[in-house]
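Two complexes follow with subunit A in common, the first pairing it with subunit B and the second with subunit C.
What follows is the complex of A and B.
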């Protein structure tokens, strides 16, 4: 029994990867079985057959035989990156400034906390009906989804900067600019990156949500069109694409976060 | 390395015997945090190339005093002058070794030691030359690329010492620099520091909890006492020659140590009775 447990829990690469692969294959098999036994209008299989083509064949068609779909994908990625990058550029400096200017922080803190916990999705109809439906209002939606997690975490990080380090900097006659460069930014970076990782997931939700409402576009439009036509293979294929995007962003953010958090070795 | 220090005993003795004109002048200094008055009416002069050690019970304001001298804290009464200039903010040529180490956790030992030099605008090639020198000096060779969390407390403290020394200050303020090291390492570092000092004498204000250390390192020992505290006594150590292991066995060493010990013990007893 002990042998079995230690084999199961061993972290040898071989055991790990076989576990991952078996788990994925099992998931695929269940999907396939459920998909084949249901009505096509409710559920599409993963692979399917001749008269009942599934999600993966559809994905193949989307990527290699459907220029419009690729355009939608590009459109979505554009929307996502614009909103996300803008959120980054505003939230991080703002978080650090607020850590240095305590009055500003006290003035804004409650709003930030409130907006951090507000489900942004509730604001979308409001934003789109005031600002319209073209590209920039949608960017604003993505921005808002991403902005608060980044701001909130950056602020938390900047607030916890050790006063001792600032004292050292002052003792060595550091300028304010150098305090930012040598202490505030490196200290805050890991926190900001945690926020960025959270934000990448939220921004993706924001992206799809913005594309759903009224003037549909991008992957959101593909999703809606497919579901109106009861094209479940299309719906699931697009969901897979969005999931793939999400996992990619998340993994990148995680890797960057890990790299710049190494010095927090004591917290491990 | 030892050769060099043996060549310099005369200079050492001379510097210890007759400290130059006052480099640091503290007059009527008082400091409060809100309603808590930490110390009052402190008058002290530290000569050029003099080593003054400061002892006193925990919480009596030793760290606070060093912060005032460094210009990190505004004072409430009196003034600190260095070379005749009143200190309102940190001054060039004055470096501090912190009780809390204050190392940058995301910087390696090398980068931490280079910090002060970089801020002072020292050229890259000069930094590359000096940093390894001071790392070796404090005995951290081989740990250049380690991060602080990979070092022991004593090693972190030595890294902080190297960072301060690297800027080649005229005034070195040290806040319990060897508190986190074991007795053996401590002794090695004490004599190392005296050796470094003999090579490049500077004014050194050295706060410590250890009476032995205060007597061993200091030309004079300042005893802080009371609540709010003030200077209770200044003891001229004038032990002969360069300080080394044999100093610890010198009768005068034992005598001063006992004297300081009983002074502080009175205070500790008084505090205890107050509590009871």
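What follows is the complex of A and C.
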């Protein structure tokens, strides 16, 4: 018994890979078995047959044989990126300005923290009844979800800028431009990138929420339509697509963050 | 938070008597001034440019006591809070078991890592249509959403915590042939506690959001539904009080945890992994 335990816990390449592969196969098998044994309106299998439409075949159809679905995907990505880029363009400059104007930072940081912890999802009904069903209200939802994590983390960076550095720069008569270029931006940017990573996850939730609760569109609409028709293969396939989007955004953000994280705490 | 940093005017000894110094001379004054400015801009801006039903600070203050005394609101708050606590408790127990197993035994880690990371990244809102089909349009769907929202952040933190057990402690246990229960309860659980706390914090925030989303989607009694119903019937002032209640729940939870930590575990300084 002990031998078996130490074998499966050992670091040998073969053991490592076979554990992962067996676990994945087991997961797939369970999914398939559950899907085949339940009503098709309740759960869809992974591969499936005529009677029980599977998730993977549906995914294939969505990507290679369904232009409307691809259009929905593009729509969702458009919504996400518009809101996200706007949040970036507003939040990062705001954070850096607050690194320069300390009074402003001290005055506002508690309010920004309060908004950072506010569940933005609760603001959706207000946006709906004030702004209506257009494209831009949905962008506002994504913007709000992404804005505060970025601003809050950039502010954290602004707090890390040592006042001595700015004082030294001043006493050597460096220009305002040089202060921004050589002190403020290098100090705050790595923190801002942490915020961007956090925001990419939140903005995805915002995107789906906006597509659910404001005018339905994009992947959210596909998801709702499929679930109303009890088309479980469609529901699961769309969930996979959304997860894929989330992982892609997260990976991009992580890669960028890693690249600049060396800047953080250069002289700590 | 009282920053010790001196603000422009106060740096010179605070002897200056100018308008700027009176308004934002110290951090506290600056914060108060900014808060008042925000409220004033909100009030005036909405009064001038927005429709009549949009929430204004003065009106919110007016309806605030009324909403708190409203039995419908109290029921909603109790309903949401009960569900969140139930869900968190279940997620905490199950998540800790899975997470600690993953942290201590490499088989579990390798076998489950893919699933845990995958489900953690999966936005819970996307699962709602599925959850409503499986659990019906009722309180069960909300509970399931809350558990799902909290479970994986607890697993990830419990795993990191169990991994962070100093190996020397385990070696000492082994050398003295300590029974397994000491190894688990006296060492593993205690050294992973700070990570678990971080996990609970994260899970609580997500669980609250999950509860609100589920209430929106299922039209279930609760604070989320209170906000939605009042916003839809253009009673925005009441709805804002609902949002404030949600923020208050989050802050209250955070403060309680901080207090418990300081009171009972004052030796912990480390922090687990955040979002």
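The rule is simple: the second predicted complex is superposed on the first by the 227 of 268 C-alpha atoms of A that agree within 3 Å, B and C clash if a C-alpha of one lies under 4 Å from a C-alpha of the other, contacts with A are read in each partner's own complex, and residues count from 1 in each chain.
Here is the rule we use: a contact is a pair of C-beta atoms (placed from the backbone, for glycine too) under 8 Å apart; a residue touches a chain by one contact, two chains touch by 3 or more.
All values derive from a computational prediction rather than experimental measurement.
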First (subunit B), second (subunit C), both or neither touched by A:1: neither
Touched partner set for A:182, first subunit B, second subunit C, both or neither: first
Partner chain in contact with A:164 - subunit B first, subunit C second, else both or neither: first
Subunit B versus subunit C as contact partner of A:114, first or second or both or neither: second
First (subunit B), second (subunit C), both or neither touched by A:102: second
Contacts of A:172 with subunit B and subunit C, given as first, second, both or neither: first
Subunit B or subunit C, by number of subunit A residues touched: C
First, second, both or neither for A:212, with subunit B first and subunit C second: second
Touching residues on subunit A, where the partner in the complex is subunit C: 8-9, 11, 16, 19-20, 22-24, 27, 41-42, 102-103, 106-108, 110-111, 114, 117-119, 121-126, 128-130, 163, 198, 201, 204-205, 208-209, 212-213, 223-224, 226-227, 230, 232, 235-236, 238-239, 242-243, 246-247, 250
Residues of subunit A that touch subunit B when the two form their complex: 164-165, 167-168, 170-174, 178, 182-183, 186-187, 262-266
Of all residues in subunit B, those that touch subunit A in their complex: 67, 70, 72, 89-92, 95-96, 98, 100, 102, 104-107, 115-116, 119-120, 147-150, 167
Residues of subunit C that touch subunit A when the two form their complex: 1, 3, 5, 7-8, 24, 27, 30-31, 33-35, 38, 50-51, 53-55, 105-107, 110-115, 118, 121-130, 132-134, 205, 208-209, 212-213, 216-217, 224, 227-228, 231-232, 234, 236, 239, 242-243, 246-247, 250-251, 254, 275
